[in-house]
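Let me begin by presenting the structure, written as structure tokens, before commenting on it.
Labels for the chains are A, B and C, by order of writing; each one numbers its residues from 1.
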Amino acid sequence: MMKSTLKRVMPQIIILALVLAANFLVFRGFFHVEFQHGRLFGNLIDVLNRGAPTALLATGMTLVIATRGIDLSVGAVMAIAGAVAASAVVGGAHWTLAVLLALAAGAACGLWNGVLVAIFRIQPIVATLVLMVAGRGIGQLLTEGAILTFNDPGLIRLGAGTIAAVPTPIWIWIAVACVVGLVIRRSALGLLIEAVGINQTSSRLAGINARVLLIAVYLVSGLCAALAGVIVAADIKGADANNAGLWMELDAILAVVIGGNSLLGGRFSITASLLGALIIQGVNSLILLSGMPVEFNLVIKALIIIAILVIQSPRVRHSLYLLRASTGPVLRERPKPAPRTPQEEGQS
Amino acid sequence: MNILKSLLASAAILVPAVAMAEGETIGFSQIGSESGWRAAETTVTKQQAEERGYDLKFADAQQKQENQIKAIRSFVAQGVDAILLAPVVATGWEEVLEEAKDADIPVILLDRNIDAPEDLYMTAVTSDQVHEGMVAGNWLVEAVGDAECPVVELQGTTGSSPAISRKKGFEEAIAAADNISITRSQTGDFTRAQGKVVMESFLKSEGGENICALYAHNDDMAVGAIQAIKEAGLKPGEDIKIVSIDSVPDIHLAMKAGEANATVELTPNMAGPAFDVLEAYWKDGTMPPKWIQTESKLYTSDDDNAAIYESKKDLGY
Amino acid sequence: MAMPEPVLHARGISKFFPGAIALDDVELALYPGEVHALLGENGAGKSTLIKCVTGAYSRDGGTIALSGAEIDPRDPLDSQSLGIGTVYQEVNLLENLTVAENLFLGRQPMRWGMVDHRRMKREARDILRDYGLDIDPGRLLSSYSIAIQQIVAIARAVELSGKVLILDEPTASLDHDEVQLLFSVIERLKGRGLAIVFITHFLDQVFAISDRATILRNGRVVGTRRLADVSQTEIVTLMLGRQLEAATHHRAHSEPGELLLSLKGFGKRGSIEPFDMEIREGEVVGLAGLLGSGRSETANVVFGVVAADQGTAELRGRGLRITNPREAIRNRFALCPEDRKTDGIVGDLSVRENIILSLQARQGWHRPIPRAKAEEIAQHYVKALDIRLASLDMPIRLLSGGNQQKALLARWLATEPELLILDEPTRGIDVGAHAEIIALIEDLREKGMALIVASSEMEELVAYSSRIVVLRDRRQVGELTGHEISTKSIVEAIAAEDAA
């Protein structure tokens, strides 16, 4: 089980290693991490810390995409959640209540998307587009179009603080990913979600409650987005509904794709999506550290991402497979046409 | 008969004269509410109109030119006395401005200029963004004196005109000072969050002790950067001087706390000068110049930042 | 007949899928003017061979020579331009274009830089006359029957390619007359010197039209025969690697057990007229009727795929409402749907996961079936139903049709159903698997399970049904029991004048 997971995410690990190595090439101090003013300080920590929103979004997005859906609203939900949390603490609420309210707002958004997709059978891309457009407006209403600044130390600690010298966002995304990953894989949810994503009709006839599953994945996506929104707001001590989470849905989808998950649903790996999120953040870091003129930012990012996706394309992968098959020991031990005993085989 | 004639004539003269004295109707087509500054501009415009006794018809275009064109057409149809336009884009205005001109309604552009024949609008009230950058640069040149000063720059959204102009003005101001140079320059997209992220990377790639000052193209990015500097264990405002542009309330709070040093105001009061121009025009037909530059006022930590914050905090920034 | 130089000669073709060899050193030689049947059970490698020859799959070994020159088609389009045209069972033309546009798509006759519609129509008419079709090429393709669409597809393929024509199950959705029409076209093309590959499950058709046949089994060629020299039995024996049992006939059944399900006035407006039905343990109720008569609709309404809007149901004497498949499954119903691919298998999931899927869905997400247990269940059914696969971990879509069907049966048997509904359980699967599934149905009945089987194969229904319900125009028109059961009486019931 462990071995097959490792095999599944190996391409992402290699790409991440390459991106980090490129960071090291442009800035020799990249891997240097020191303990300073009560917190770990270094570029590697930054990648983990700054990758938190994308990683959280990618966790939920992976599940949504596994059902052959997509959630375009996550960026807007971040803005709403940040605005809700900020309004609550500014209004005098305790920060824990503020976070709970933000999560409730995220859950409500997720539920809305889920109901549109599962009950009203609106195509996910259209259903979530509604909230993508309207959601930012809702956030702006809450903050009245301005940055709503707050000074609640409890809330700020979620974005800018540390626990055991490690920035809080890192703890949060790793914890969320572990909880979601464990629940999905220790229960039968993973299998059922994949079944629904591959063939919804067959799944329904096999007795799977596709509606509830669909609503659930959008709910999880909404919750993840809300958490990301709280972190982003806490990080800058203010809810910036105009800019919080802007275009983040695209980064989240990209993370899932870099993670080798198919947009057509089915088989998924949250671990791979998280690596995808770190790869994106690694590329962002590379751009910042390279000191290139800003006009090159998007070009560099595009080129790197195209390269990553081409390496993962079926054609290149098949060539690599054949290359290995023709040189490695695979060829000498050709599989029997129809052996009756099943062999240990990794998922392809 | 004669008396009646003269009475009618005087009434005909009197009626418009009375309308001019109070209660002019002015249409304002605003871009949207994409930033705090924009919200403040809307608030100040409404305040100004109220103070002067105008009836302001406000239309939020939600970043769409077609909405602005619709709004202007409806203003013309309602027969407003003047139109304020904060244009979302520079091109494509000829036709609708022609309609306003045919209806003899003066149009004043706020905050941004357009590519159209000058006779289609009365004037444009805008700030000079190159000048803003220069004011910021001049302050820094004066503040550091002869000391060696490597500067990091947080640019606005790549390719946007404020980013280009504010960079240009600043560079011109520091060109003569050999001791000041820009060592790192990256875009922070005008947002607090990106300002913080990019400053974090500057602090690591340059080393905090090697940065003398930060120049941010807007205050939001500066506020984000201040947090990054604090988290790196340095004192913003002392270890690293901070100068930015816009004069939003939060930067005055930071200046009050000694965490920022200077900001150049982009005044949200574009309507004030516009209304002055209109009043002069209505009074004796004075035509204003085609460009009215708003003041780019410099605030530093020597000002009463607490008071400035109080005066600005409710404008909607 | 055999000429010295084959027009297409594929040698040593090999194709590996992860964990399986799909083709192993396969040779196929086609001579001009011959119809060459490609035969084999599902999963024998027929489709894979065609895909390798046309470039749809990249082969992992072997050479292809066309008219003596070696070729290496990158994709079906490439092979088409080289001279190998392919027509599939599902017509792959554009229904919303006219017949003429479909024929000339991509090579329209031009005049003054515009498509010359008049000339295009004229030429299309001429071409189609050669195929024995006198139709208006200016009408939409969708306005013609599947058979005509198929011939248009053939005409296009031949006009574009002209050396080799591959027909992949062209007759699967045609009726008798349409098959004859198609065969006449094939005869004409044969006369023009084309080499034609004919893939089908219908052995009678093979003997009616083909000159030679290459038989595949387990990815290898087991023989190439001139059909004039062999019997059907010999071919089937080659395909299966064993002797086929004699034709089935109705066998005596043991007495059915307790009443399980009783439906009264059960129906769904617009889908199936209200009907009464009783099913006992150890009983097979056959659903007979023509295509569209309401067989599948009956199966679906019982299983709750569409919820009944009238009538009552009783399970072992107590009332029951079934509005969706989940409730049906909770009451130990099971349904193998007619369309395996779209409604049955979950293609990318492994065979093991497919087998435990319904059991898992019934247990709920919070009670996962442990891996070892799942392995054990899957293993059990793979053995019991003789499902042929390389590994339980392979995606089920890579299995052949017959093996997919068996895996679906395994999925439902794993839920230990009391009522098993099978909709066309033997459609599109090979002779061997066919016989095994019939044997399985009889075995389950003997063990006391209640079954409803909808099938268009009357002989099959006669063989295993305890009772047969006959449907016409979405209503029940008769029920046959005991000695009444025969194909003749089914046909009579279907054909009888409406009594109501």
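As a convention for this text, a contact is a pair of C-beta atoms (placed from the backbone, for glycine too) under 8 Å apart; a residue touches a chain by one contact, two chains touch by 3 or more.
Here's who's who by UniProt: A = Monosaccharide ABC transporter membrane protein, CUT2 family; B = Monosaccharide ABC transporter substrate-binding protein, CUT2 family.
Fair warning: this is a prediction, and the values are worked out from it, not measured in the lab.
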Inset, instruction - Compute the centre of every chain as the mean of its C-alpha atoms, then state which one is farthest from the centre of subunit B. - result: C
Inset, instruction - When you average C-alpha coordinates per chain, which one falls nearest the overall C-alpha average? Tell me, please. - result: A
Legend entry - Pair of chains whose C-beta contact count is the highest in the structure: A-C
Inset, instruction - Just give me the whole-number Å value for how far the CA centre of subunit B lies from that of subunit C. - result: 71
Inset, instruction - Averaging only over C-alpha atoms, locate the centres of subunit A and subunit B and give their separation in whole Å. - result: 37
Legend entry - Rounded Å distance between subunit A and subunit C, as computed from the means of their C-alpha atoms: 42
Legend entry - Shared-contact residues (touching 2 or more other chains) in subunit B: none
Legend entry - Set of subunit A residues in contact with two or more other chains: none
Inset, instruction - Name, in rising order, each residue of subunit C that touches subunit A in their complex. - result: 16, 18-21, 24, 58, 60, 218-219, 303, 305, 324-326, 328-329, 335, 337, 342-350, 353, 357-358, 360-369, 371, 379, 382-383, 388-394, 411
Inset, instruction - Going by the contact rule at the top, pick out the subunit B residues touching subunit A in the complex. - result: 33-36, 38-39, 155, 158-159, 184-187, 189-194, 196-198, 200-201, 204-205, 220, 223-224, 227, 231-233, 250, 316-317
Inset, instruction - Would you tell me which residues of subunit A are touching subunit C in their complex? - result: 1, 186-189, 191-192, 194-195, 198-199, 201-209, 266-267, 318, 322, 325, 334-340, 342-348
Inset, instruction - Spell out the part of subunit A that touches subunit B in their complex, as residue ranges. - result: 27, 29, 36-37, 39, 41-43, 46, 50, 140, 144-147, 149, 160, 232, 235-238, 240, 242-244, 246, 285, 288-289, 291, 293-295, 297-298
